[in-house]
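Structures are listed in the sections that come next.
Each of the two complexes below includes chain A, the first together with chain B, the second together with chain C.
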Partner chain A sequence: MDLGLLAAQVFNGLVYSSILFLVSSGLTLIYGIMNVLNLAHGSLYMLGAYLGITVVVYALGGTPLAYLVAFLVVPPAVGLVGAVLERTLIRRTYPMGEEYQLLLTFGLILVFDDLVKMIWGAAYINFPDPNSFLGGLRFGVYTLPLYHVILILLGFSVFFGLWAFFGRTFTGKVMRAAAMDREVVEAMGIDVNRVFVSSFFLGSLLSGLGGISAGPLYTASPGMGTDIIVYSFAVIVIGGMGSIGGAMAGSLIVGVLRSLAISFYPQLEIVIVFVIMAAVLLVKPTGLFGRPEFERR
Partner chain B sequence: MTGSGARKERDGEQKPKQGHEQEVSAGTIALAVGILLLLLVPLAGKHMTHLVASALLLALAATSFNLLFGYTGLLSFGHALFWGVGGYTVAVMMARFGFGYVESVLAALVMSAVVGAAIGFLCVRHTRIYFAILTLAFGQMFYGIAVKWDFLGGSDGIYGLPRPFNSLELYYYVVLASVLVSLYVLRVVTRSSLGLSFMAVRDNAFRAEFLGIRVKVTRLQSFVISAVFTGLAGALWVLLETAIGPESMFWTHSAEFVFVTLLGGPSVFLGPLVGSFIYAFLADAAMSLTEYWLFVIGAVLIGIVLFFPHGVLGYTLERLGSRRGAVDGDGR
Partner chain C sequence: MGAVEGEREEMLRTEGVKKHFGSVRAVDGVSMRVERGEIVSLVGPNGAGKTTLLNLISGLIRPDSGRIYFLGRDVTGMRPSQLVRMGMARCFQISNVFENLTVLENLLAAVHSIEGSISPLRRYDEEEAVEKAVRVLREFGLDGKAHLTPKELSHGDRKLLDVAIAYALRPKMILLDEPTAAMSVGEKRTTVGVIKKLRDQLGVTVLLVEHDLDVVYEVSDRIIVMHQGTVLAEGRPEEVRENPKVREVYLG
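Then we have the complex of A and B:
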């Protein structure tokens, strides 16, 4: 096994892990706080990529500044879409069973997929390569593309940011409290509905951030949402549903293993992720870092 | 008190019984008309014949899915895997080993049962969302195998199979007969003591266990029966399409079974059948009108969840004031 190739694949895997983490941390956050498994979470990721290409290319002509603007504008916009979906549609399924939540959000996937085709067309859309103006970092004989390095750092920064947000800030603590006991939080005089909208906003924002980050690497295509959502499921199941740390661990496992499989055992690329996922569910259904209270309900 | 009380009791007993008989006869007439119409379908042209045959196979798969979902309370999000196992078995037997379609379909049934037993054995340890995600994982695993394994044709799948009798019309009657017989068998199963134990496990697994029902074994029985009939639907579908590809096992196809079941109503035995026909014709109409037909399907799905959570047939029966007994599936 060539060590250089191995290192390169681990590096690529870390980039993919980072994207996976951005998407699945949002998914697990919404599940952890509200017990809603949002299948359309992948569609918000796709929306992030398409809004990204719109801002970067169609609005601002592909300049380096355009990328900066897009990274600042697109994720909150996607977050807003998520918040609106929660208010208007998803909220109405809370009294029904979880299968109805899955179905409603599956309906949203179909709607989003076709909306994207209507607006942007069915063909794959390429972003201008951000590494063309960012350049690379030299390590001896190897040059690491800077955009990829930034994405890895972004993934870890968001992880620490979320950790600080839920551990240190009042809003973060309220959200965690709402996850544990809605009624007590309500009795403390806190508007739980606002907590729900906020967590949907934050979770969707993260998915949108994942989408715009992934766009320049993997192009934007109408099927990207249905692909990423099953991988995100695998991630949060492996790490433990509702756990941010678990999402990070799961993303690293899935991202790196998938990347290694692609270059060394290409037949296993898709299978390996779901084998691990099924194995974790069978051996330890709460995942590596999940807390048992999430299964009890 | 003695005489009149006894009579009253008997009257009280008889009244719902009369209603029941009336309902059965109305239902029987509807069923007879339906079957008659199905027999006449090939007169309406090739497109209609193909459409109805697809709807019938979807209906068989969805009804089998609903045995697990509506009757046993387990939501499988990977059921397309059995459709694919049945379909790929037929395709491989015919294209790779040169068997005839009868042996191939029989082999598909055996394969579906074996795979269903193995996966079911692992899945029935969990319920609710964990069961759904676990079945999703297995479904994607099989999808991943089909995409990457050259023996199964990779992402192109296997195509160019011969259709039985070389005639769509004759094959249509094979499909119709197989689906009707299978639905009858499934109906008998749901009416049997086994079917009652499915429902007991669904309603209260804890209590069912105290009644001597072995909960996991019961769930597994439901899982395997469901897998076999879904596999049969997939096997017959391959011969209709004369091709199969890995997307038949992608998770969105599994979601389609869930969709048509809820569209028709999981609490009624024929709900999935009604849902399948509505879906097939709606999709056909939407497809001829716009290339964005999935948008229409998605919007309908959202509307169904918000406004008719018991499905179209469930809603109609509720509206007709049918007794609760007619609604013997989910009923939530």
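Then we have the complex of A and C:
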């Protein structure tokens, strides 16, 4: 086996891991705090990519600065969309039970897919390649595209950022407390509704960040939300539902192994992810990291 | 003793509060007052609407009509969390604590949540918070059990923990829903002591729903008797005890 090829595939895998982590950490965070499994979480990822394209290409003409602006503006915008969805639609399902939540958020996938086709059309849209102006990092004979390197660093930074947020800040601790018992939190004078909107905002923001990060690598297309959500589910099941650390572990496993499978035995691309998932479930049904961050009683 | 004659100050007031569940008139036009420094008991047979009234006052449910005033402010329809911040804490019938935190950690959570924060990203002073939490635990005789989890506490101590958490929220008034339910005689004794201590030493006004009339007569400055969603009688313990209408409801 060619070591160079192996290294290249691991590198590509890490890039994908990073994007998977951005999306699945948002998914697992919302699930952990609110017990809501948002199927439309992938649609917010798609929205991030399309809004990114709009800012980068249509509004600002594809300059390096346009990328910077898009990375600053798009994720909060997607977060806002998530918060509005929670306030207007998803909160109505809390008293009704999980099947209604799944129906509603599945319906939202269809709505978002059609909205995207209406606004941006059904054709795939390419971002201008950020590596064309970012260039690459030289490693001996290899050159690593800088944008890819930045994405890997972004994934790890977000991981440590979330870790500090939940471990060190007041809002983060309140969110963890709400995950444990929302009634006690309310009785302690914390407005639980605000906690819910905040966690939806944060979770959706992460998905939007994943979307705009992925856009330049994989182009924007109406089905991209469903592709990522399937992998994201596998990631959070492997890592343990509700666990940020688990989302990181799951993303690394899924991202790297999938990438290796693609180059060495392409037929396994999708299968391998679910084989791992099944194996983890057999050995440890709560996933690798159970629920360290979001223990429930 | 509690309310000194001549300098009464209103803590809580309801005006014609109504709550119907379908055809059930759970609370049907209740007007009542609680003065600062009082211990007031809500009593009445099952289904009289006591707990519903408590739920209305603490913001868990909204009244169909009528107004609720707390500290002179109209608080009708406010969320429980807002009321807690205004100084109204509540202990539930089923004690409501974080099951997987220790006693001390539960108190810390309460201390932190009420100190709140102007900036949500603010760091807080852990040592100071622990000090405050331990002080509260000492007031309620739980300082020896700080490192147990609620599951390891006796039923009486769990209720005590509940009251301690409520007190850590620095309330002006505490609502207690059946504080002595399912307690042993000894535990009831402790609870009576704690309720009196809340008023006499800690300066907290208390409104409680209670079934045990011995407890009610012992702690209350005033008793409000409810029947079928309305106030049937109201007055000092000795007045209520002699009231023929009350006897009829309870005996007949």
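Basically, the second predicted complex is superposed on the first by the 291 of 297 C-alpha atoms of A that agree within 3 Å, B and C clash if a C-alpha of one lies under 4 Å from a C-alpha of the other, contacts with A are read in each partner's own complex, and residues count from 1 in each chain.
Quick note on the criterion: a contact is a pair of C-beta atoms (placed from the backbone, for glycine too) under 8 Å apart; a residue touches a chain by one contact, two chains touch by 3 or more.
Only a predicted model underlies this, so the values are computations on that prediction, with no experimental measurement involved.
*Asks:* Comparing chain C with chain B, which touches more residues belonging to chain A?
*Replies:* Here the partner covering more residues of chain A is B.
*Asks:* May I ask you to decide whether A:Lys284 touches chain B, chain C, both, or neither, giving the answer as first, second, both or neither?
*Replies:* neither
*Asks:* What is the contact status of A:Ile190 with respect to chain B (first) and chain C (second): first, second, both, or neither?
*Replies:* Second partner only.
*Asks:* Would you check which partner chain A:Glu98 touches, where first means chain B only, second means chain C only, and both and neither mean what they say?
*Replies:* first
*Asks:* What is the shared patch of chain A, the residues that chain B and chain C both contact?
*Replies:* 295
*Asks:* Could you list, by residue number, the parts of chain A that touch chain C in their complex?
*Replies:* 168-171, 173-174, 177, 180-181, 183-193, 295, 297
*Asks:* Considering the complex alone, what residue numbers of chain B touch chain A?
*Replies:* Chain B residues touching chain A: 69, 75, 77, 122, 125-126, 128-130, 132-134, 136-138, 140-141, 143-145, 147-149, 250-252, 255, 258-259, 262, 291-292, 294-295, 297-302, 304-306, 309, 332.
*Asks:* How about chain A: which of its residues touch chain B in the complex?
*Replies:* Listed in rising order, the residues are 37, 89, 92-93, 96-100, 102-104, 106-115, 117-118, 226, 230, 233-234, 237, 266-271, 273-275, 277-278, 281-282, 285, 295.
*Asks:* Help me check something: in the complex, which residues belonging to chain C touch chain A?
*Replies:* Where chain C meets chain A, its residues are 79-82, 84-85, 89-90, 92, 96-101, 109-110, 112-114, 116-117, 120-124, 165-166, 169.
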